[in-house]
Amino acid sequence: MSYQDPTRLDSGITTGTAQSVAAPNSLLNINGVTLQYKTPEHLVTATYRVTFDIHTGDRFVLLGPSGCGKSTLLKSIAGFMPPVEGDIELKGRKVKRPGPDRAMVFQEFDQLLPWKTVRENVAFPLKVNGVSKDEADQRAMQMIEKVNLTKFLDVYPHMLSGGMKQRVAIARAMAMRPDVLLMDEPYAALDALTRRKMQDELLSLWEDLRFTLVFVTHSIEEAVLIGTRILVLSPHPGQVRAEINTHQFDSRNADSPEFAATCARIRGMLFGDAETAH
Amino acid sequence: MSYQDPTRLDSGITTGTAQSVAAPNSLLNINGVTLQYKTPEHLVTATYRVTFDIHTGDRFVLLGPSGCGKSTLLKSIAGFMPPVEGDIELKGRKVKRPGPDRAMVFQEFDQLLPWKTVRENVAFPLKVNGVSKDEADQRAMQMIEKVNLTKFLDVYPHMLSGGMKQRVAIARAMAMRPDVLLMDEPYAALDALTRRKMQDELLSLWEDLRFTLVFVTHSIEEAVLIGTRILVLSPHPGQVRAEINTHQFDSRNADSPEFAATCARIRGMLFGDAETAH
Amino acid sequence: ASAEDVTIGTGYGIGFLPLHILDAKDLIEARAKEAGLDLTPTYQRISGSAAMQDAVISGSVDLGAYGVPAILIGWDKTRGKIVGVAGVNASPLTLLTNREGVTDLKGFAETDRIAMPSLVSPQMYALQKESEAEFGEGQQDKLRQQVVALPHPEALNSITAGATEVNSYFAAPPFTQIALKNPKVHAVIDSNKIWGGQSTFLAFAAKTDFLEENPKVADVVIAALDDAAKLIRENPEEAADIYLAAEPSKLMTKEDLVAFLRENADDFGPEVHGVQAYADFMARHGGLSKAPANWQEVFTSAALKGREGS
Amino acid sequence: MAQNTATADNFDTVIRAEYERTDIGDAKLEDVQRKLPLSETLWNSSAFRKTLILLALAIIWQIYGVWLDNPMIFPTLTDTLGALWANIVNGTIPTRLIATLKVLVVGYVIGVILATIFTTIAVSSRIGTDLLSTLTAMFNPLPAIALLPLALLWFGLGTPSLVFVIVNSVLWAVALNMHTGFLTVSDTMRMAGQTFGLRGMRYVVQLLIPAAFPAILAGLKIGWAFAWRTLIAAELVFGVSSGQGGLGWFIFENRNLLDTPAVFAGLLTVMSVGLFVEGVIFRFIENRTVRKWGMQRG
Amino acid sequence: MAQNTATADNFDTVIRAEYERTDIGDAKLEDVQRKLPLSETLWNSSAFRKTLILLALAIIWQIYGVWLDNPMIFPTLTDTLGALWANIVNGTIPTRLIATLKVLVVGYVIGVILATIFTTIAVSSRIGTDLLSTLTAMFNPLPAIALLPLALLWFGLGTPSLVFVIVNSVLWAVALNMHTGFLTVSDTMRMAGQTFGLRGMRYVVQLLIPAAFPAILAGLKIGWAFAWRTLIAAELVFGVSSGQGGLGWFIFENRNLLDTPAVFAGLLTVMSVGLFVEGVIFRFIENRTVRKWGMQRG
């Protein structure tokens, strides 16, 4: 297999407004990671020898067809699944366990704690990590306002709609102000308007705090809009197909032909050439 | 309140290739339906006096912002929640309980039965309703193939990714060949390609079987593509904002300016005029 | 149950030896045949007097052997629907202790605990009677607070091992004999001394309904019990063998048993002793609503009428 | 599942007019409040329904008791209530009940605490899980009577021994339910908790316990009932000196004295406490927790 | 949660090259199979770990027994094993065990069936729910001994009465867990089932029971343990006629004969059966159901 090591390209051609630095300030290194689920009867390989690096401040998007291992990869970065092969390093240290430096928004709807109200759910991780009650509550309130749920502050999660639950989860993760924010299709359950608002919130929060974002989505437009770099995965089991730079796009130039061209290019990669239009 | 009864418009102006018929062949009548959730401490009104009709063979889309009561409305049509005001009639009979004539795909990921494999999950409702084992299995196989999960035939749901679970749920509902198919954001968890495939499958199945579809989505494009008629709901609590005809659009003219214009028009309704572009 | 099969409730201990003999030697069948009956007794082992009494009242057992005070209470509460049939055993009950120097009830300290199988056991009334005698009128409950209900094996373990606060035990044979093998344990007093003579410890009770429906059964049983007593008196070796077959104790050797049976041969037989004394005492202290006029009012069998008894 | 009767041929799509409403006002909630008739309101009250059930049971008891006419075995309800009243008025049942409850609560609390510790160990390592399942399988089937000699040896007579057997009966049932509850907490929720940095005791207390609360509550209920059962039975078998006896002893004493109405009065007291604990205490806890959180219906 | 140390000022985005791989082959699974060292493989086996635990417990027993040196109260393990062996060889324990198991299984099965019926009624109507919770609260705390007179009256001495008290001990615990299990089935799953047209018994059997299976299994385990407990205790009270007694009677008999090693041999048998049922039967069921379905971890 003529595997072209992507790390070798680091010092290669760069596009965009490259700034020359001595050492790559890479934060997360995923090196030849194979992830498998073992069940008594099956052995499912979710991803196969995936290698990529995420730099501090990246908005890194994982893109790929359903079932290609995006969620699994994210869980592994979060520290829930040790790779059967390869390793994942955060700041040069092997990732061994989950921790509050890597906040995560899950794809599933049952990630909220049913015994806490919306406000408590958002404030809880802060309190766990020693933020004072007052400050935690205040930060929670702020984030809840940003996701437009102030009316539902003291309501328990079972009384929320699907999209509302996901918004609470997003507020919770963002209130934690983690080094790395891992988001698994966070906006899938949201209507276009809410989604747009959330995307803007995320980007403006990133402007403020410059955390590192790892974002899973299945929307190519969203990927190009949110991401600074997109990792395209092949179908099951997921292998690296390509890495693409998209730092040049934001909501101001989402109508530009370049934006559309990039989307089309990715679509071509994912769907084959038969499907480049839509 | 100058409430303009939409049923009165039935004999009014019609657009498109109208065919004159004596009586409106309306299948589902939703008459001034108010839906509420009662919990010991709260009383949440999900929809308020919503009125609309769905005709046999309609592909009726419910569109509205997160939390406006779309899922609640669908559950009520399915027979799970009696309205506190108004009534829901199916073929002139009040809807009282759920039944296999109204198959439903839920928004949540835990709708599959964890103790059944993918194949069994899809075949189960058929068997419950007296379809012979062989035929049920065969129909299940067919649908599983259509949702591209043949490789995962004998796998239990906990081994599937989020999108794969939703595809199984879609296969299950479609295999039931119900009179009315209720789908709650079925494609939200799917990547663009899979989503497109699923949409095409749904439409071609509809061509074959001409069931009545009630479809909740938060994607305006999807609404226009899938629907023959779109009901636009206002934010929480959901009230009827508008009904729009979109039977003239399908995947062949999804690139046409009319399609884009209709999308823009709906976007305007939902987001106000400030947000018509994207 | 019909006359054809009669269920007999039995239990564990030397007191039940006559019943083991009835079972092993088919004595009831033999006596029944003589009386022109076809009787098949079933021997049912039941663990305690409370259960035995329930079994008798509910008719699950036709004849049950348990303590005389409990029978008296049953007779009293049912207004004579439960009566005694015959005595089974009148062995002495012995108050044992492992505290040195205790020779009477006055010697017990407040921290001492006295074990016995239940609060309506013959032991309890013997203790009350002796309390009254030693501490004076109205003092019968002086030691009641120190009484604990404990099954025989645990009580025995407690006083021989000396590991718990239970240092005294109102025992019945064979536990008395086993306990006394331990040098630390000595007897304080026994029931013969307390009541001034033999007193029946175990007796058969039955419902009057049953006895009326099966008028000959009581006589048959009494005759068979006589046979059993005779065997014990005349052939203690065989009796010991029967006992050991029924209760293969490792702590009582055959020699111990034979010696015991020789010494206490008179303890067995259908005659009842001390019933009136129990009844009077219990009636005096509110345990019975009224005392029977004489013991024959409780033990109604015609076959016992002519015999000695008390 | 009805086959669709309309085929592509026999129906025509009716194209209806579009419309848009620009005048939707605010929803008025008072418009949609409905008043229920009194009968329905009553029937909606679980207390009312339970009272009906209790009344029905009481009537059945009375009828069966009268019909059976065997007061030594099964007294009528009225006899029992008479005995209950007499024993309440003379203070016997209240003192006995308090004595029993004291022991019961102590044993129960210790049992639950131990169960929590055991299950915490069990969830934090595989060997812990094995230890718990082995110990549960071994000690759960052991009756109180089997523990008697050891209890006497270790704790002597009276309350400590009783507490010991109660702990044995509560511990395993609660631990088993708790552990199963923990094991069925969804992966997503576990992972969410871990990303907050919850670990060790805090993970168990702040995540697993509330997430498994419905199962834990079921275990607590079972544990409570078995504590009662064991205590009543243990007071009979164990050396309780008659001065300090509780309700079990009261029942045992009266059974020996063949005072069946008093026995049933004792049992009725046990049942009433059971109903109180279930209907008031546990109900209260449920309303404030699992029901409020939407984790359990009903 | 570490505060982000890099601010907008002190880092620069490194723009890396894009790349596309057109040559990704098929994933080779054999490449990533790893072999575990023997020690780890062993440690991964729950049977091995449990054996270790049992061994440890055995050693503790032996040491404590020798140290205590009071064979009347607590015999050593070796004495107990000797007695166990002797009683197995002479056929006593096997016959007694079989006698006990017969009664146990009958009572258990009836109890579980009744529990299923009760909970089915309970989930299908509100009054049913109230009935179940009232009955459970009332009868669950009642000890077998309280039912004795009624059992004798209704069923006489012997097996039927034993079955009756076992049913009482199994029924409520299983029903309570089952019912809680049913109540915690997620709304989505319930609704899914109902759209298929499942109703009544089929709804319970084909949807609620499997969905609540982890809780039901926990209930079945508790029920099993309590059936044992009750049976051992009840055999003492109900006694036996001519040699048909079970293991409980064996224990009682030997206790009366002061044969403590034999008593402990009996208890050891009870424990072994407990371990077998838990470690083999329930484990098998769990592996085939909740674990396989991903409804329970571990």
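By written order: A, B, C, D and E. Residues from 1 in each chain.
In the analysis below, a contact is a pair of C-beta atoms (placed from the backbone, for glycine too) under 8 Å apart; a residue touches a chain by one contact, two chains touch by 3 or more.
In UniProt terms, the chains line up like this: A, B = NitT/TauT family transport system ATP-binding protein; D, E = NitT/TauT family transport system permease protein.
Treat the numbers as computed from the prediction; the structure is a model and nothing was measured.
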Per the touch definition, the chains contacting both chain A and chain D are B, E
The chains touching both chain B and chain E are A, D
At the largest C-alpha centroid distance from chain A we find chain C
Busiest interface, counting C-beta pairs, is D-E
Whole-Å distance, C-alpha centre of chain A to that of chain B, is 29
Per the C-alpha means, the centres of chain C and chain D lie apart by a whole-Å value of 43
Averaging C-alpha coordinates per chain, one finds the centres of chain D and chain E separated by a number of Å equal to 19
For chain B, residue numbers touching 2 or more other chains are 39, 100, 103, 108, 110, 125, 129, 159, 176
Going by residue number, chain D touches two or more other chains at 1, 73, 149, 152-153, 197, 236, 292, 294-295
The positions of chain C in contact with two or more other chains are 54, 57-58, 151, 157, 161, 163
Which chains touch? The pairs are A-B, A-D, A-E, B-D, B-E, C-D, C-E, D-E
Listed in rising order, the residues of chain E that touch chain B in the complex are 186, 188-189, 191-198, 202, 206-207, 210-211, 213, 289, 292-295
Within their complex, chain D touches chain C through residues 72-73, 148-149, 152-153, 156-157, 236-243, 252-253, 255-259
In their shared complex, chain B is touched by residues of chain A numbered 37, 39, 42, 44, 63-67, 69-72, 107-110, 151, 155, 159-164, 167, 185, 188-196, 218-220, 236, 254-255, 267, 270-271, 275, 277-278
In their shared complex, chain E is touched by residues of chain A numbered 1-4, 6, 9-10, 12-19, 21, 24-25, 34, 36, 39-41, 43, 45, 48-49, 53, 55-58, 84-85, 100-101, 103, 125-126, 129, 131, 176-179, 207-211, 228-229, 234, 237, 239-245, 247, 269
The residues of chain E that touch chain D in their complex are 1, 46, 49-50, 53-54, 57, 70, 73-74, 126-127, 129-131, 133-134, 136-146, 149-150, 152-153, 169, 172-173, 176-177, 180-181, 183-184, 187, 197, 214-215, 217-219, 221-222, 224-226, 228-230, 232-233, 236, 248, 251, 260, 267, 270-271, 273-275, 277-279, 290, 295-298
